[in-house]
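You will see two complexes here that share subunit A, one where it goes with subunit B and one where it goes with subunit C.
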Partner chain A sequence: MRRWLLPLILLAEIALFTILSGQTFISASDAGAYFQSYFADLLCQSAPVLLLAFGMTIVLMTAGIDLSVGSLVALVACVMSSFPAGTEFWWTAVPLGLALALLLGATNGALIAWLDVPPIIATLSTMILYRGLCFVVMGDLEKSPFLSVPAYEWLGQISGAALLVLLTFIILAFWLNRSRWLREILMLGGNPIAARYAGIPVSRRILQVYSLVGLLGFLAALTFTARNSSVSASSLTGLELQVIVAVVLGGTRVQGGAGSLLGTFYGVLIIAVMDEGLRGAAKWGTEHLPFKISHLEYVLLGLLLVVGVWLNSREKTRRPAA
Partner chain B sequence: MTHGRLSPFLRQRLLVLLAGNLVLLIAIAFTMKQGGSFTDVLTRCGPNVAPVILAGLGMTGIICTGAIDLSIASIIVVAGTVFGVLVDRQWPPLPCFAACVATAWSLSACNGLLIRNLKMPAIIITLAGLALYRGLALILADLAIPNFGGSLNIQHESYHAPGKQFASAILLATLVGAFVWEWFASTPRRWLALGSSEEACRLAGLDPRSIRQSAFVVGGLFLGIAALIYVTQIQFIEPARLALGFELQVIGAVILGGTNIFGGEGSYAGTALGALFLYFTAQWMTYAGISPYFQEAITGALIIGVIGMDCALHRNRKRLEELA
Partner chain C sequence: MAQSLLQLRAVEKSFVGTRALKPLNLSLVQGEVLGLIGENGAGKSTLIKLLSGVHSPDAGTIEWQGRSVHFSSPHDAINAGIATIHQELAYCGHLTVAENLLLGEPWPRHRWGGVDWTLLHARAATQLARCHLEIPTTRTFSDLTAAQKQEVAIARALNRDARLLILDEPTASLSAPEVERLFAHLNRLRTQGVAILYVSHRLDEILNLTNRVAVLRDGKLVASYPTHEATVSRMVKDMVGRPLEQVYPRSRSYRKAAPLLELEGATREGMFENISFQLHAGEILGLAGLVGAGRSELARAIYGLYPCDTGTMRLKGNPWSPRSPDESLDAGMVYLPEERKRQSLVLDHSVRDAISIGFSDLFTRWGMIRAQEEQSAITNAMRTYDVRAKTVTQPIGTLSGGNQQKAILARWLERKPDIILLDEPTRGVDVGAKAEIHQLIDKLAGSGRAVLLISSDLPEVLSMSDRILVMHHGSIAAELHGDAMTQENVMLAASGLHHANR
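This part shows the complex of A and B:
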């Protein structure tokens, strides 16, 4: 059911918000140009969420959860922003950011795999820790060296962001589709004890999954900083909620053992369209509604999460797909 | 949730926290600069730590059943907004206080009801509530107050009574009540039973769903009192920014207090000591002149350290149970 339901919701949403934004088209080519820039913007804006959501999908497959993604991306971005801009940024800040992201992801994984801390607790504490480290690195400052780095801007534009997202999606999808690694991850999520008795190296797999989230967090930090150009210690708070809602909406079960990357893709787009749409409908809102229409975003996000999980629980028998 | 007997693990945790709190108090006394008074630290401790402890008591019960409530901060926001709107309409203090408590209580009960009827994991429902309730509070403020500027100003001193003058007294009374209730009543035992094994609970003729619901109802009462103290302490109620991250503080205190995150083990005393430990750590860092930017990171590292050690110690026992 979800295979056609999600694209349908997405289309309905786009239609609704296009009407609410008061956009009028004179010709077909006019509409074409509008939607071209609309989708380009949408993809650039949601690139960090998309990248993280791919990682979160795999984490949820293991019956885990990663609440620290927002803080992780913020910390990587903060550390990278402390380096001087210029060509050397590419071979100082960027590799260091990558190493840091992998380390932070692996820290989550190590806490969960080696110390047996429940994922939600481990990542809740690292969420506080990483955010605290952001303040240690940045203080109250807001830094923006990114625009002075040659060719960095490209990552935030449609060609760069789309390339990065699509490449990640294709690599993950190809790699995961029918791979033994994914089967092991799904089994681990379905029943960790059975997985261990079946000879699956559970600890190593968990470590790999959370490190993968770290890697994707690094890519998300690249696209985020390239687009927003500045970063502060409190950037990206609340990102984890958006990511989790998107993933769950896309059909990944929180109890583990099933999930779909394509569904996640739709889930992220649905939320991004809503986000952009509510902003675009601000004028309509002030004329017709007694409250600020942007407040509806919280309400809708909450409702979408509940509806998404409810739909998932109705589809328990659905076969897992990558 | 002890009923006369504490598990060795809980007893050990309580002793460690007690010792930790004493060490921190001594450290504060020594690092205090000239002119600071130690009694001042103790008297200010009550009002400052009351919201975390009270909300923590509610959360303890909920976590003991194996559920969790991530929406408490947003519930406090709704309660605070209702309170602020009523003050703005110039209602007398008492009905405003009652409305604040009742709002928080009913929203928490509503969480319980949704979890019960939708048969979804508590973490999902309350994660949704985290966003939803804050949105509702913002919409409510917009609807109730024309040209709402983003914050509600509570000026008159009589509206600040529960948070400023009576906070310590309310905290102590609630704590004593909670300890007595935990010791003698059967409901907390049922929560532990449910947290230990839902299957066994059902086979023993208990209804898991109404037990879980009762934890949210009782938790809501504690949360209502916590919300009352929280919102009457502050001058400006800003629905968009009020109590951000409060749920993390509370969950941190509860887990630090030895409550098992999967349910089945926990105590009110542990939660109170855990909250005090986090509070005194922050106080000590302030007195020791540690930059405020480091404080959040140190708190995070502390929670990870304690919990990581804890889980690592449990690891072998869990493996053995698995085989049995």
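This part shows the complex of A and C:
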């Protein structure tokens, strides 16, 4: 059901917001141009969320959760922003950011796999910890070295961001779909005891999954900083909520053992379109409402999460498909 | 003739995909002890659950003391006077005996609303005394022995005026003297007019205790007769529904071969102690004992789920101290755990995934499974081990217990292991699948594999094994060969009465 339901919702949503925004088209080519730039913006805007959501999908398959993704990306971005701009940024800040992201992800994994901390508590702790470190690194400053780095802004444009996202998606989806690794992940998510009895190195796999989130968090940090050009200690607060809602909406269930990357893709876009639509809501003539329409965002996110979980519990026997 | 207490008329029950009970009639009179026997999966537990209000029948009526009743919850059944003592006693281990006894009824209070502990313990003590039990009411429930726990459970049931007591495998974890004590207790209850439905695999107990025997097979009541007409062989024939040789095939004769697995003084604190034995190629070594005797714990240590504290193990002549099960798999050893659903399966994963997780690492490249090879291996395995499923994408949980078990066997045996540790391989499996699994085990040993067969099913372990080790309280109580392999000897050793002098 999800397979056609999600794209359908997405299309309906786009149509609705296009109409509401009062956009009129004088010709087909006009409409074409409009949607071309619309989708380009959408993809660039949601690139960080998409990348993180891919990782989160796999985390949810293990019956885990990662609340620290927003803080992780922010911390990586903050640390990178402390480096001087210039060509050397590419071989100082970038590799260091990558190493840091992997380390932060692996820390989550180690807490969960080795110290047996429940994922929600482990990543709640690191969510706070990493955010705290952002403030330590940045203070109250807002830094923006990124656009002075040669060729960096390419990462935020449609060619760069889309390439990164699609490449990640294709590699993950193609490889995972046929890999034994994913089967092991699904089994340990569905029944960790049985996975251990089946000789699956459960701790190692969990460490790998959370490190993969770290890696994707690094890519997310690149696309985010390239597009927003500046970063402060409180950047990306609440990002984890968007990511989790998108993944659940996409049909990955929180109990583990099943999930879909393609569903996640749709889930992210549905939320991004909603976000974008609400932001443009000023044009709808809603001034007489006692609240701003764009403030509805969290209300809708909450509702979407409930709907997503409910739908997932209805189709328990879904086959995992990458 | 005593008054009829319970009457089941054409009661039936189905679960997704299986008919657990076909229309069934059964009656019980006051003061009667009815022995209910049948193989695993014959419908005994379904019947118990209907009577104790866990499930409701799909059709048919339950008449209780002459009136048709409908139990919508276990609470209803208890109130009506049907008490069930389950195998695993559902009590609050951290509370005292008194608290557990009076759980669910209003506790005596002080004037200010606090609990009157003195009165509470006094009440509990009188309840115990009424059942001729001497257990301090201040003891924590989890500190009691298995027998004491059971006695408390029975006392609790009787204090709620139970007229029918259902006992599900009550002696599974009791020693022989404790069993005798329980029987004395039950006989006393019988004279007080309490009816007992006694479910057990132990046929000697059935012969000892009951007035009448009812035999279930495949959800049907196939026979019912007074106990004085019953013999062990008649009961077995009725339960199994086919001659014994077919269920317990034996095509080979064992000749001494090289040891594949050797244990020398293996010990793990609190689990097993000073275990030494050799397992040879082509041999089926039975490992018998009561539940909790440390058999599964030992197998798991051999498989590498945790290490031994002291002692040495050798595998194919090399020192063996695996750090995790994947080492065992690489070394050619597999372990089939006892609890299928908890330890082997993800119920909503496909049959394909459930089977191929055991061996798909054998044909991966760049971490990717080669789809065609996997497909043919699965098809092949399902044919070899007779796993009956409509499609390979069907969730494994929709298969019957027997087919699930065969799928797990396929998962491990397709690796072509040399050493096979089987833990209760036919638990909860219907007779047909059981016979197939036995044939398979027999064939495995015939082709030179070493099989360690852990089983609580005495006929199974007696007829399949070349040699039997009996464990008691974590150590090996006896090793039985040839003619010494009898039901009595195994039971004696398992309850700690047989000294290693044979």
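One rule holds in what follows: the second predicted complex is superposed on the first by the 317 of 322 C-alpha atoms of A that agree within 3 Å, B and C clash if a C-alpha of one lies under 4 Å from a C-alpha of the other, contacts with A are read in each partner's own complex, and residues count from 1 in each chain.
Operating definition for what follows: a contact is a pair of C-beta atoms (placed from the backbone, for glycine too) under 8 Å apart; a residue touches a chain by one contact, two chains touch by 3 or more.
Model, not experiment: these values are computed from the prediction.
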Side-by-side fit of subunit B and subunit C on subunit A, or clash: fit
Which superposed partner A:L115 touches (first subunit B, second subunit C, both, neither): first
First, second, both or neither for A:I193, with subunit B first and subunit C second: both
Subunit A residues touched - subunit C or subunit B, whichever exceeds: B
Which of subunit B and subunit C A:A258 touches, first, second, both or neither: second
Touched partner set for A:Q208, first subunit B, second subunit C, both or neither: neither
Vertex subunit A angle, Cα centres of subunit C and subunit B, expressed to the nearest 10 degrees: 70
First, second, both or neither for A:R183, with subunit B first and subunit C second: second
Which of subunit B and subunit C A:S46 touches, first, second, both or neither: neither
Three-chain overlay, closest Cα atoms of subunit B and subunit C, distance in Å: 6
Subunit A positions touched by subunit B in one structure and by subunit C in the second: 193
Interface residues, subunit A side, partner subunit C - complex: 175, 178-181, 183-184, 186-187, 190-191, 193-194, 196-201, 257-258, 316-317, 319
Residues on subunit C engaged by subunit A in the complex (per definition of touch): 305, 324-326, 328-329, 335, 337, 342-346, 348-350, 353, 356-358, 360-361, 364, 366-369, 371, 393, 395, 411
Complex interface listing, subunit A residues touching subunit B: 65, 111, 114-118, 120-122, 124-133, 135-136, 139, 193, 237, 241, 244-245, 248, 254-255, 290-292, 295-303, 305-306, 309-310, 313
Sites on subunit B touched by subunit A in the complex: 68, 114, 118-121, 123-125, 127-136, 138-139, 142-143, 244, 248, 251-252, 255, 261-262, 293-301, 303-304, 307-308, 311-312, 314-315, 318, 322
